[in-house]
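The next part holds the structures, each set out as structure tokens.
Next, two complexes with chain A in common: one pairs it with chain B, the other with chain C.
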Partner chain A sequence: MAAASIPQNPVQDFLKKPINVTLAMIAYVVVTTVAMVLISNSRQAALYPLFNMIGFTAFILSPILIISIPAPNLWRGLLLVAFVFFVVPVIGLVNTAYLELAIQISLFAGMALGLNIVVGFAGLLDLGYVAFFASGAYLWGMFTSEANTVFRQNGWTVDPANFYAFLVLGIIVAAIIGILLGSPVIRLKGDYLAIVTLGFGELIRILARNLDQPVNLTNGSQGLHSIGRPPLPDFLQSLTDGVADFFQIPLAAPGPIARQLMFYFLAIGLIGLIIVVARSLEESPIGRAWTAIREDEVAARAMGVSLVRMKLLAFATGASFGGAVGVLYAAKQTFIDPTSFGLLQSIGILVMVIVGGMGNIKGVLLGAMIITLVDQHILNNLSALIRAAVPTLPSSLDPTKYQPFIFGLLLVLMMIFRPAGLLPAARRRLELLAEREEKIEEEPKTKKVK
Partner chain B sequence: MSAEAYLRPKRGLASPLTGVIPEEVRQTWFYKFLLFPVGQMIIFIVGASAVLTLLAYLVALLVPEPRPGIVLADQISRQLPGMIISGITIGFVYSMVALGYTLVYGVLKFINFAHSEIFMVGAVTGYEIMLRIQEAGLLQQMSPFMLVPTLVIGSGLLAGLLAVLIERVAYRPLRGAPRLVPLITAIGLSFVLQDVVRAFFSLTRNAFNLTYPLNNLEWLRAPVRLTFGEANVNVRVTSILIVVSAVIMLVALNYFVNGTKWGRAIRATSQDQTMAGLLGINVNLMISLTFFLGGSLGGASGALYGLNIGTVTPYVGFIPGLKAFTAAVLGGIGNLTGALLGGLTLGIIESFLNGILVYFPALGTRYTDIFTFSILILILIFRPSGLLGEKVDEKV
Partner chain C sequence: MSIFESRGATRRFGGLVAVDSVSFAVEQGEIFGLIGPNGAGKTTMFNLITALTPPTSGQLLFQGQNIVGKQPHQIAAMGIARTFQNIRLFGNLSALENVKVAQHTHTHANVFAGILGTPGAREEARRVEAKARELLRLVGLGESADEKAKNFSYGDQRRLEIARALALEPKLLLLDEPGAGMNPNEKGILSDLIRQIRDQFNLTIILIEHHVPLVMGLCDRIAVLNFGQLIALGKPAEVQSDPAVIDAYLGD
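Moving on, here comes the complex of A and B:
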């Protein structure tokens, strides 16, 4: 990086020492946390949306900063655990909107990590990724919803206590759907594959919308309502009450908040699992085979990589992550309908992967964080700010309506100016640089050789 | 695909017929640029309709009574001319949009995903022009021979220029990048275009369901009655307008690509950019020109589509765009004749599906799109080069 090549910067020198940077990080977390509490208590202030927007963004970016600092693994790990399992829940008790945002970020991060396997690791552009998410969500929804489907009519519904079994089932079903959808099209070249997967995404949505006749499986465009939720463990309820008592936080509705906390921990656990699986896959022979396929299919085949098997494996792995997140999403929202699974959702997840950096797990997490924040937090607050400043603004100029525009613009700008993403994977960066610089004259070397 | 295959007029399908025509006639301007392309269209229409009619009766043979009291074969016989005519109408629209995909694929070897939004821009521009005419109080006086060319040329020009702009701003900086990079850019662009159009119309017209002011046009509402033996078919005037305008534009495109110096330069560029550059062809200009041609055809067909369905929105481009892409792949992407054949075939297939699926209670017309889309998947799996394309060898 350019900044690292300036040795005379005293701040840089100070931050190179692990102890200093760790202390600075703790200070950052403490300052943003205190700021969050203060902001939450000043909702009447005129500039509340601005503080809210900046404050929460700074606060929630902490985990990415924590895993980026040059400190020993143990310190970073402890800091991360403290942040994720203590600071965020407590802030969430202070203001439940923040807890909701943290859950949304975790869910989208899980999906983005799944898509990253397909797009980032194996280099297969999948524009219908939401299909797998939808299959997981509908799996849980159909078996537990109170809507008048054949499942309810024939008494095939299951007790919500079986949630964890269905999480596993969701993984399996999504993986099977991934293989079924993937196997006919896996031989296609990149751009054809993209369009066919886009079509598959639409196909799943059309099926979800139309399968209320002749037998009502999905309740059609009305969607499935009152979807079952896993039972709340008693210890979580008492823990929530205890923590709230200790910090003197008045809880408006202890039950729902404890439930939200349960979903938060479930989502965190799920992405933790996904990260572990993705990382071990990346460094395994399978991951190397994916990289080989992504870089040069012909060469990979010549080296004995089974293209079909490896590509299907990538599809199935990515799909299974999407399916698991789908089950959790349906249980958390308790309502799903076909509009939640459109092309825009697929593209949104793709934007997360591309903005963050294809193939880089940390980058994808950052991308998921930024895009979810923009989508569900920053645009809302921006709109509140603008409406406060210009009350006569026509509603058609409200920033919250420009989500597709922002996604599209981000895709175009990233591809033109920074195709490897904000945090590029090391290999990807080299590859893209090499292709760009083939025609340009060799640039003067700016990197310092140690 | 071998380099010569691009954009060269394909004569494969029609060759048994053209073989009997003497060589002197085949060299004339009239034959090359009028008789041959129009004849080709007629052959495609007749061929596709015949094959699909046979298939429809085969379905009727397999499932004689999909619903009690309804004999499928009778229904097909009654609806046949109507289905074919509406199929041809939508088929020409698909053909023109498919040509946009194919032209760009020919020169840049990438799928211009944003083309469906160029089509959409054409459709909303047609609306805007027509509304302006109405606001000026001229709509009633204008004859169809004035109105339709105004719409088509206006939308075509704007959409063509927009396509050139998009190429210059978003695709040119990415030339030589990995294949997926311009594709992702194109997807991004299509979202940007949708939202910009939506913002424009919700600010200026306070709505984005844009209904063409067609109600007051007497000449448009009265159907034309055609007689086929015993059956009488009412043909909508818009169908005739669409088919006539499309034929004129396709003949003009064929002349431009195969009969002029510019067209030769475009074909040279599509075969080998470096060599074309060495021979003094301005490659960038030719790429811009290709985008203009494809974009203006797409825009013009957007306006015609708007005339046909009446109401357009900023999101109207996606499904027709996907279908036109299917048509381009069906015919063989990169091949102009293929786009025509694919578009017409797909239009007629879709119209037959719409006509027949109604009688199947479990399916219904809401599954038409799934069927059309399955065609794309089946072609890509079993014959990725399309009906008229050549086998593609992977370059190492």
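Moving on, here comes the complex of A and C:
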């Protein structure tokens, strides 16, 4: 232990050892988990929203902390598996609202990772990403909804048991739509590309709204209701009951909770798959070609990189992730309408990527977590807290009404203080620093040349 | 048959004729110099050959085949590689990654092989890595393979560009002022390197260069451009004593 001779902060010194930091991590998980149980059992307390807000945020950040600690991969992996497949489901049984939040976070994380391929890896700014999500959701919705569409009228609907086939189909359809969007915009860059993709996103939303005439495909602005759900495997039901029995958790509605658990595991499986694919692509020749295009298009072309092929591949890959998440989303919500796929959703997903750190998979996961939490958990609890304190608060001052404002503020603050995101990709961080340095050096340089 | 031939290549930018019906042929294995005052159209000529700028008229033949109308990446795949006058490395990638990118046209693993990490894809990744390191050693950058390209000195960046171009396994290599920003000693080393890669990889090289001793010592033949027009073509000694050339460089 020669390194220990340098005087250091004792806490830092302690956390340098893998065994200590792992134990500290386990302690963190245990403490937050126990806190979650206690908080869930004290819903009548005046400060419940405050504890709920802070407690769950601390709790759900655990997976990001686990993958960040300096410990052997095996330990981190085991810890992560234990947290994701055991701790979260059990807490979800105690309080189903938490399970719902965990599912939402996973779904948005999946989409953010898809957008990250397009924006973060290939550097193509896409403001209409929600279109791919919508195409996946409508694909499953149209074929299984009980709404009075042309599919229902003609008996074209499919058995919800075909869900997994449609998950694959959703990937393929979204990829094709990605290529259709990509082909005309290959030569566009930056702002121009952003505007076209924005228009494309709106186009898909308006199609969804207006395709109830002359043939009713999407049921228009009424949306598709009673969308099919994949059948619940028996073992999951008995497992849910067994676990609830063991921990003596009273289940209000065992069936729906088991179903929620199924969606949770499906969402986790899907983002697991997306992470693996995104990581292998990043390190493959394709990922290198994307980075080359982002760095210098001209040089990339001269070095044999086909812009058309690589950009289309980026659009298709990113889109396919969105499509898969869309299929799962429609099955979980059982109701979709055009308002779920607006520009604000696209921007929300982009904010996740930017806040987390463009191009960095871990950062994007963190961004998805934070934005979803703010949107669906923190603002609600803040609202409840303020309402309890000031019952006469006018509803126009309710925090939940300030969601777009908060996102905007967050973006402005990020651009000022951490332009590369909370967890920047190593390459991106250098780029941004370099731009600042170049600006300082620029003037004398140009003078010298002339 | 010449490996490369330009037949009346012309490029206009509005009223300006940057390259004005230039015709010349380059033989296999030659080191061919392209010189001329600033703004003579040398780099535009390179851009025409690599399809970064399409010619307004004229033909460009590579191994007897007209390459006008092809995309830059197709030209690269056919075996024409280049370096850039205003260095265009992927600055935030390491030297090693820069060289790996250029092997793109010689890798075959598709998306699915890459995702699944098939033995073929892994084998290929190893081969790409080994070749990239070998090329870096060749240009004298073997020690700093993992350093970001932008942190390199000017001369090292130029050498890295050569390594990157070689990774394309070209038959014709276009070097745009490879010696710019180098001191005389470095330029000597560069001359040796250019000869060495020509022999080792069986290359034909077209070279744009301002430094007269370097061009005269290195090139087999030289073409001189002035205001987009070819004003002289021949052996270094002939070109050097050509009155039109002297006039272009020293005249009003």
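As a convention for this text, the second predicted complex is superposed on the first by the 431 of 450 C-alpha atoms of A that agree within 3 Å, B and C clash if a C-alpha of one lies under 4 Å from a C-alpha of the other, contacts with A are read in each partner's own complex, and residues count from 1 in each chain.
Just so we're on the same page, contacts are C-beta pairs under 8 Å (C-beta built on N, C-alpha and C of every residue); 3 or more make two chains touch, one makes a residue touch a chain.
Everything numeric in this text was worked out from a predicted model, so none of it was measured.
Using the contact criterion defined above for the overlaid structures, shared-chain residue A:298 touches chain B and also reaches chain C. In the superposed model, A:127 lies in contact with chain B only, and not with chain C.
Touch criterion met: A:306 reaches chain C, while chain B stays clear of it. In the superposition on chain A, contact of A:396 is made with chain B only, not with chain C.
Shared-chain residue A:420: touches no atom of chain B or chain C.
After overlaying the two complexes on the shared chain, residue contacts for A:270 are found with neither chain B nor chain C. Of the two partners chain B and chain C, more chain A residues are in touch with B.
Contacts of A:195 after superposition on the shared chain: chain B is touched, whereas chain C is not. Residues common to the contacts of chain A with chain B and with chain C across the two structures: 298. Against chain A, the residues of chain B that register as touching in their complex are 110-111, 113, 170, 173-174, 176-185, 187-196, 198-199, 202-203, 206, 318, 322, 325, 329, 361-362, 364, 366-367, 369-370, 373, 376-377, 380-381, 384, 394, 396. Contacts from chain A toward chain C in the complex involve residues 276-277, 280-281, 284-286, 288-289, 291-292, 295-296, 298-307, 313, 317, 427-428, 430-431, 434. On the side of chain A, the complex with chain B involves touching residues 123, 125, 127, 184-185, 187-192, 194-196, 198-199, 202-203, 206-207, 210, 213-214, 298, 343-344, 347, 350, 354, 394, 396-397, 402, 404-405, 407-412, 415-416, 419, 432, 435-436, 438-439.
Interface residues of chain C, counted against chain A in their complex, comprise 50, 52, 71-73, 76-77, 81-82, 84, 88-93, 97, 100-105, 107, 109, 111, 114-117, 121, 125, 128, 148, 150, 164-165, 167-168.
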